[in-house]
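Following are the structures in question.
Each of the two complexes below includes subunit A, the first together with subunit B, the second together with subunit C.
Let's look at the complex of A and B:
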């Protein structure tokens, strides 16, 4: 088991290297010259050239990639072209709201979606099942920003129950922190809930038709025990897999959600950096998100052994 | 014990079991289990009655699709409703199981009546330990603690002949062979000392040597625990070996019932005769007998329409117009021996007592 974990961690190295190459190349290939942006409208071509040289942008592609990778390995994500602050510092300042939003969304989504899917499978073909499925289709098809604005309008502007936008750090207390996160988390979680509920339902339907569920019933087990003890553990592998895969959507959604609710997180940082062509910041943030995604999926893989004793590494 | 003390003496459609004074444990009375399907109602079980006495082994035989498994599932009310629908009565120790609440029914399942299924490979939960699966019924029905349940699970594993029970109790089903898994199923079924054990083709999925071991085990444990057994099977060899009394089912009906020796010696219904004729006889080719097995021609009729006459009419070698028009009633043909056939002769010893 430990050998497997170490092997899996080592296997993430080539993945991360390829991600790094992509992140680096993507910006290299995209149009727009940061030197020209920094130099401003009045700059002469000579000024732009000077700035380009000072940023090292005049060096060959591979040399720049090598230097960049070496810096990252030493923990240096570079310096923002715009603010002159180290990228790692900028990320540190912005990470708490994003992390909070993601964790709250994840917990919210899992605690709502899994019981929803389980009940839908149990009551297959009934009105309850159809309502859950209708909700799932709705969750898929309505974009995050639409849900976000509608929620903000109803619960913040009309009913005045929750703040319209902004973020309060958790150091200011749990409830103020939560108050600001509920609407963004619900908006962001919609697609995620729909996805997890659908997979839970499908996976449970398959498990509920198995012989061992009939055995559990013949033993006199009550319905909740059949659903959540006997069946759910068997249905868990596809569910945690989709939670892992859906995490990518959560990252993308966080960028949009933070804009809608004016949350000063990594998503906003990314959007601002892209608008300013602040290459080091864009690269740093994308690299961080990729790393988080690889890590989450590693955890998902490892969690399989907890659910199914037949899976051995 | 006098005859009048018994709970619910068998009705006319069941033989008067003379000389058997054991108490009636289970009485299935005109059970009808129907399924609503897209193209009509499937009458999987259509008016079946039989009884089981305490400690008795009753075999229910018939070919695939005759309703024997549905009958077994109906007793424990494991038929999903809808699409299933059950009518009639299933009296267990005098209580009609069909009238119990779900909660009352759960306290009977796995406790007073338990069941062994055909497929040991898939009937155990792959993600729970053996010990947990045996212990579950004990914790559920006897309120044992986790530790007590595990100790008792080890004891049960030893009882069903699994070596190293202390280690096995922590293992998962995939670490056990098919025969061992069926032993575990038996351990689960017997953990709460049930009064009735329903075994639905318990040996069908196992190879022959394991089959014999499992049958021996069931017979031993039946004596130890004192449970009555309803054995659902299509294997007449198994029936001859363990059953005391046999119910023959065909197309959702009971067509014959008799003590096991009487049935094998003197089958009354043409279907039973066909079933017995289709069993290979050891050494039959040496004695110059025909080596071709007798088969019953045709297929089990669709259970979607009501059959006006005898259910076996389409396949019976000696069918007449009477058979096609009028369904024969179950009638006592010999002592303790009933069959549903117009033409099966009634023996002199009973012809005086039962009106034809």
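Let's look at the complex of A and C:
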């Protein structure tokens, strides 16, 4: 097991190297010039050139890539072209809101979707099943920003129950923190609730038709015990896989949700950096996201051993 | 109805009662602002971003500043005196000026700041050949020694477009092309660097050592009295969220509300929606004069014949005529040089005549590439109106939608459209920036050194120099008319009218005044 974990961690190194090369090259080739953004409309071409030189953007591709890679190897993600702040500081400032949003969304999605999927499978073909599936279709179909605006209108503007924007750090208290996260998490969670509920239902239907479930019923096991102890554990592998895959989608969804609810997270940092062509920030954030994605996949793979003793690494 | 404070906050009070009470008391002393953009840089010399300039108005002070009529008044300066031969201009600083780090402001700081700013300000660069030296005489006095009289020097020093802000000498000695790392000034508010989270918020605290002028506030002149303990900018990129935050009282001031949302906000009894900025924003359609078909002035003029500024302004600012205006000349309407000499072509407003003029001009169906910035709603709207117009007059149009970052790189290309070039781009400019030929960017016609599009016209350049050297306002106005006439012949750009950008604030704000830039002194909260 430990050898497997170490092998997987080592395997992230070439993955991260390829991501780094790809991101750097893509940004190098993409149109846009931060020096022109900084200089503004009144600047002469000479001014723009001098700013470009002062930022080191006039150096050849290989020199820039080499310098950046060397910095990364030393743990330095670079400095933002615009704010002059270290990229690591900017990420540090933004990571808490995004992590909070993702964690609350995942908890919300899992706690709602799994029971929904289990009940839908149990009551297959009934009104309950059809309602759950209708909700799932709705969750897939309505874009996150539309859900966000509707929630903001109802619960913030009309009812004044929750704030419409912003983020309060958890250090300021659990309730103020949660107050700002409820609407964004519900907006972002809709699609994951739908996704996880559907997968849970499908996986449970397969398991519920197995012989050992029939045996459990014949022995007089209670229905909740059959569903949540015997069946769900055996249906868990595809569910956990889809939660892991959903993590990537959560990163994309967070960008939109953070904009709608003005949450100062990594998603907005990325969008702002892309629009301004703040290369060090874009590169730093994408590297971080890639690493997080690789890590989540590793955790998902490891979690399989908990649900299925036949799986051994 | 259950209110928010009755749901979660009630629980929270039990947990954190002291902080809630503190926050309620602090709300009266805190001004919460949604700025027009994210504050990414603190250096108003390094970048020309308006949001950086607005930050600079809080942190730094000016030697002199513009009042609501556009006159230049003393600010840090107690006054100034011009020698009889007009070859020396001496300034004396007010007493009691201190930087946020506690150091006294001296004339050495001012001289270093002027020198750094002069290297980047286009206005000052025009005047620079006439300036022999700027030098500190003692702690409170400094002077400009001149080769020849420079009547526009005060205008340059007190301008709002690219203001000359005073920094400590140790900061101002930074190269003008390198970004400063500290925002330490002597202005009415201190920048709290440790609370700055670019993209989320920026915070200022009242500068207790600030000594405002005794005159009442008047534009950017007069007493810059801070009446609030703390100003907090929160970056909200989504306009609908900003509008909701204003309506709910989560924010106090929104600098640039989207025009589409103004009617909704005006319906709220808690909000004031008014024009606070003194200048309108002007729309510009710029031709690439180096490449076909717009290297032919007759084709540029043919397009101008089809333009109706009302269509453009309605697309940008809506159908309420109070929100925009027509200005069919190159200088800002309502300012001393505004005129419409030779502007008849812009009053044609006729697609059929434009189509005929296009044929007469020899248009041969060359491809026209128009780049529209999808992430700038106003400029995008201007671009789309032009795109429609070009198609209606029969031009072979390719409309390219790009983000602003891509657009500003592509507009620097002088290549033909087949090799990544462009034919027409749009932008906006503040009314301030179009009031005088000396800094009127779009009027310049000095070829490769002109703004993108690179028009080359010796007559415009001659008239511009003549205006800078003119001796009297009357002579200046005559030259301005000649300039407008010539600009209409060259037609390097088409003026598209102007729109007003209102601001919105909570009704409990006091002391909000009209000004050429968004500033927060004199504003209190009841």
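Going forward, the second predicted complex is superposed on the first by the 313 of 313 C-alpha atoms of A that agree within 3 Å, B and C clash if a C-alpha of one lies under 4 Å from a C-alpha of the other, contacts with A are read in each partner's own complex, and residues count from 1 in each chain.
Here is the rule we use: a residue touches a chain if its C-beta (ideal position, glycine included) is under 8 Å from a C-beta of that chain, and two chains touch if they have at least 3 such contacts.
Everything numeric in this text was worked out from a predicted model, so none of it was measured.
> Have a look at subunit B and subunit C on subunit A after the superposition and call it: clash or fit.
fit
> For A:212, using the defined touch cut-off, is the partner it touches subunit B, subunit C, both, or neither? Pick first, second, both or neither.
In the superposition, A:212 contacts subunit B only.
> Contacts for A:123 in the overlay, against subunit B (first) and subunit C (second): which applies, first, second, both or neither?
Neither partner.
> Residues of subunit A touched by subunit B versus by subunit C: which partner has the larger set?
Touching more of subunit A: C.
> Quick check for you: in the superposed arrangement, does A:157 touch first (subunit B), second (subunit C), both or neither?
In the superposed model, A:157 contacts subunit C only, not subunit B.
> How many degrees, to the nearest 10, separate the directions from subunit A's C-alpha centre towards those of subunit B and subunit C?
If I round to tens, I get 160 degrees.
> Considering only touches as defined above, state whether A:309 meets subunit B (first), subunit C (second), both or neither.
In the superposed model, A:309 contacts subunit B only, not subunit C.
> Give, as a whole number of angstrom, the minimum Cα separation of subunit B and subunit C in the superposed three-chain arrangement.
Least C-alpha distance after superposition: 41 Å.
> Can you list the residues on subunit C that touch subunit A in the complex?
Its residues touching subunit A are 1-4, 7-9, 11-12, 15-16, 19, 38, 40-41, 46-49, 120, 122, 162, 175, 177-179, 181, 197-201, 234-238, 240-242, 244-245, 247-248, 250, 375, 402-406, 408-410, 412, 427, 429, 439, 441, 448-449, 451.
> Inside the complex, what are the residues of subunit A that reach subunit B?
These residues of subunit A touch subunit B: 210-212, 214-222, 229-230, 233-234, 307-310.
> Using the touch rule from the top, collect the residues of subunit B that touch subunit A in their complex.
Its residues touching subunit A are 76, 78, 106-111, 114-115, 117, 119, 122-128, 136-137, 140-141, 172, 174, 185, 188.
> Which stretch or stretches of subunit A touch subunit C in the complex?
Contacts found on subunit A: 31-34, 36-45, 47-48, 50-51, 54, 80, 82-85, 90, 93-94, 149, 152-153, 156-157, 159-167, 172-176, 178-179, 259-262, 264, 268-269, 272, 274-278.
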